[in-house]
Amino acid sequence: MLKIIFTEDFIRIVLAAVSVMAFVGANGLVLVYMERKLAGHIQRRPGPYEVGWHGLLQPFADAGKLVGKQLFMPDGADALLYWLAPLVSFLWVLVLFIPIPFSPLLTAYDMDLGLVLILAFAGINLLALCMAGWGSNNKWSLLGAARAVAQSVAYEIPLLLAVLAVAFATGSLNLSTVVQDQGGWPWQWNVITQPLAFMVYFICAVAETNRAPFDLPEAESELTAGFHTEYSGMAFGLFFLAEYAKMIVVCALGTALFLGGWKGPLFSGVWWFLAKMYLLLFVMIWIRWTYPRVRFDQLLNINWKWLLPISLVNLMATALFVKIF
Amino acid sequence: MQDGLNKEQISGDAYTTRFAQGQSEDTLILNMGPQHPSTHGVLRVILELEGEYILRAEPVLGYLHRMHEAMAENRTYLQYMPNMGRVDYVHALGWNWAYVGAVERLGGIEVPRRAEFIRVITCELNRIASHLLWWGTYLLDLGAFTPIMYAFEDRERILDILQSVSGSRLTYSFFRPGGVAFDLTDDFLTEVRAFIPHLRNRLPMYRALVTDNIILRHRCEKVGELSLEMCRRYGATGPVLRGSGLPYDVRRAEPYGVYPELTFEIPSEASCDAMGRYLVRMAELEQCLNILDQAVAGIPEGEHLIKGAPKPRWKAPTGETYFAAEGARGKIGVHLVSDGSATPYRCKLRSPSFSNLSLFAELSSGILLSDAVSILGSLDLVIPEIDR
Amino acid sequence: MNDDLFAGLSLLLDSRPPQETTGLVRSVFVSPDQLVPAARRLLAAGYHLEDISGLDTVEGILVNYHFDDFERPGRIALRVLAVRENLCLPSIASVFGGAEWHEREVRDYFGVVFAGNPNPANLLLPAEDTLTPLRKAENARRTVRELIDPGTIVTADQQFDRIFPPHPQGEKTMKSEEPA
C-alpha cells in the first residue's frame, strides 16, 4: 500500500489535483470579473464599480452571496439526482486539466493519450445536465436539458475531427508533443497550418460550453434559465463555476493545440500560455455579448451541414498531406 | 413528471384543465408566463408541446386587468385622463390622443393650432421611445443582450425631453380636451432639434450591427407568416398589418390633427413575416424623425389650450362617438357614449395589441418554441393595453 | 362605401350618421338572426373587425360591432340588441376569428352569451367569475334612441320602432318617466 502512495506519479497527481482546483478557483474569480466588466463596457456602462477599486473585489462579493444563500430543493424533485448534478458537473471538469501542458514543468501528468482523455471526459458534463434537468421536476429544466444533450452530442463530432487533424499533423496525441512541435513566433503556430481546424474548434468550443450564440440550454428569455432554473446558492454556483472551468479548459486546449502553447518569441513560459488562453477567453466573452441566439434547429444545421463536412475535408486533406510528405 | 401523460392528473387552474381536455398523446402541457422573461408583461400562454413543436397555444389574459372601462363610468371626463397614461404606458400619448379626440369630437371642441403641433411633436417622440423599447426587448428575447442598453440610452434622452414639458417620464396625461396641459418650455424645441440628428446618426449603426446580422435574420425571416386575410379577420393593425404588405395608417385613413399637412411615408413590407414587421418599425423610426423635423420647423405661436376648454365637471352633449388614432402598436380606438352627465355613459377602449394577440393561437400551431418567442416579440405586445 | 353591402338582408335600420361627430359613415341595426349573414357580407367586402362594444340600455344590451375597411376607410357600426329576458346572440367567430376574444370580453362585462363561440371561458375577469361590472343600475340606464343619433335614415323597418320605442314626448334627451 505504502509503495503505491509514495510513488512519484501518485504524489504528482495529488499535487496537481490540488493546484488545478486552486487554479480553477482563482481563474473562476478572474473570469467572473472579466465577464461582467467586458459586458458592461460593450453595453456602454462601466460594469461593477462599487466593490473595491473599479469593482475588483466584486467576485468575492458574488462568491460570498452565492455561498450565503439558502439551498433548497423544489417539491417533488429527485433528491439524489438534484444534489449530485452540480457536483458531477464541477468535479469532472477538474480531471480535464491533467494533460494540459501549462509549461514544460507545469504539466500535471504527461500522457501519451492526453487528447483522448480530454475528449472522453468532456462528455460527462452531459450526465450532469440530464440529472439536473430531470431531477428538478420542472418542465422548463427538462426542455433545457434535452436541448443541451442534443447540442453537446452534435458538436463533439466536429470538435473531435478538428483536433484529430492537428494530431495527424503532429503525429502524436500527447499535448506536450503538440506544443513542442510549434514554434514561438505566431507564424509557426498550428493556426497557420490548420486554420479551418481552428475555426471549427473554436465554434465547437463555444457550443460545447453552452455560450452564446449557442446558449439555448440556458436561454434566459425562453426557458427562464434552462436546466439550472431550480438551483440557488452554491448549487447554482457550482454550475456557474463548472461553466467557467469548461471555458478555461477549451481555451487552454485551443492554446496548446493551435496557438503554440507556452512557447513565445522570447522568454517562453507559462505566462505566454496564460496570455494566449485569456485572449481566447476574451473573444468568447466578446461574442456572447454581441450576437443574438441561434435557434435550435439552425444550431444543429450549422453543425451537420457546415462544421462536419468542413472538418472531415480538413482531416482528409491533412491525412493526405502527412502521408505524401 | 406525469402531467403530460396521464390526463386525469393534470394539475393546474381552470384554464389549464380546460386546455388539457383536448390533449393529444405524448405531449407536454407547459405554461409560459405569467412570470416569464419574454412575455412582455404578465401574459400567460398555455402551450401543448410535442418536443420543441407547439401543437396548440392559448393565451390567457386578465393578469393585469384593472377594469379601466368601469373606471370611466365613475370619473368625470377630465378625471379619466390619467387612466389613459396607464393603459399603454409605452405609448401613453397615443392613448391620450385617442381619448381627447373622442371627447373633442363628442363635444365639438376645437383645438388651437399650436396645441396640435405640440401634440404631434410629443406623440411622435413617444412613438420613437416606444419603438426603441420594442427593439431592445425584442433583441433581448432573441438572446442579444447589448442592443437594449443602446436603445435605452436614446430613450433616456426622449424621456428627459418629455419630462421637461409634461412632468412625467412614462405615464403621460399631458393632453386635455381642447389642447395640451402645459405650453412648451424654452429649451424644449432646442432639445428636440438636437435629438433628431443624434438618433439619425445612431440608426445606421443599429442597422449594421443588428438588422444586418445573419443570426437575427435567420431568427426572423420566414417566422410567423401572417397573411393579409388573417389580419382582416382578426383586425390586426399597425406594423403587424404593414409588415404584411398593406400600408394602412390611421393618420392617413382617418386624418386627425395636423397630420394632413405633414409629409411622411408609410413604410410597409410584403414579406408577411417577423422580419417584415421588424423592418417596418425600423423604417417608422426614420419617418417619425421626418415628421418631427417638419413639426418643429412649422410650430406657430399661440395658445396651448383653447379658451373655454372643458372644466372639471363639464357635461358632454348626449350622443356617441368613435375616434381612432395611430399608436405605435396599431389603431387605438375609443368608443365614447354620453348621456349628458358629467361622467361618460360608456367608454370602450379598443386596444391594438388585443387584436394583434388574438391571432397568436391560429398563428402558432406547428411552430417551434423559439419561434413563438420571436413572434410574440415581433407583434410588439404591451399587456396592460390588452387587459386594460 | 358600398350601398348594397347588405342587399337581401332585412335590416331594422340603415342610416348615415353625421361622420364629423360620430366617426361612423354607416350605422346598421339588425336582429340577431341576421347578424352572421351581415358579418359574412362584411368579410367578403374586405372589412376588418375593429371591436365589439356593449352598451347597457333600457331595452336591453345593445352590442355594437365596429368594422372598418383598410382600402376604403369608412367605419360601419353593426348593432344588435340582446333583450334582457334572453341575453343570447349568435357568435360571428366562425366568420371573423378575432371576434372570439371580443365576444368573451362582452360576456365578461355584460353577461351576454354568444352561442357558437369556440372558447366561452372568461377572458379578462377571473375564471368562473360571474360579475358583470358594466351593467348599470335600472335608474341609470338610458334608451337607445337617446344615446344614438342615427343621422340620415336610408331604410327603416317597422320593427325598429317596436323594439326601440320613441320617447312619448319625442325628445331624446329627457329620460322617460313612464316605462317605455
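Per-chain numbering from 1; labels A, B and C assigned in written order.
Assume contacts are C-beta pairs under 8 Å (C-beta built on N, C-alpha and C of every residue); 3 or more make two chains touch, one makes a residue touch a chain.
Everything numeric in this text was worked out from a predicted model, so none of it was measured.
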| item | value |
| --- | --- |
| Touch-based graph of the chains, sorted into line, ring, star, complete or other | line |
| Chain closest to the middle, measuring from C-alpha centroids that were averaged per chain | B |
| Length of the line joining the C-alpha centres of chain B and chain C, rounded to whole Å | 26 |
| Distance between the centres, which are taken as Cα means, of chain C and chain A, whole angstrom | 65 |
| Chain centre separation in whole Å, for chain B relative to chain A (CA means) | 43 |
| Touching two or more other chains - residue numbers and ranges from chain A | none |
| Sites on chain C touched by chain B in the complex | 20-24, 43, 46-51, 53-56, 64, 66, 68, 70, 73, 75, 77, 95-98, 100-101, 109, 119, 121-128, 133-134, 136, 142, 146-149, 172-173 |
| Interface residues, chain A side, partner chain B - complex | 39, 42-45, 134, 137, 139-140, 142-143, 147, 212-213, 215-216, 219-222, 224, 288-298 |
| In the complex with chain C, residue positions of chain B that touch it | 13-15, 18, 58, 61-62, 65, 67, 69-70, 73, 102, 105-106, 108, 230-237, 241, 246, 248, 253-254, 318-324, 331, 333, 335, 337-340, 345-346, 348, 350, 354-355, 358-359, 362, 387-388 |
| Contact footprint of chain A on chain B as seen in their complex | 1, 3-4, 28, 30, 36-38, 49, 52, 139-146, 149-150, 153, 209, 213, 215-216, 218-219, 368-371, 373 |
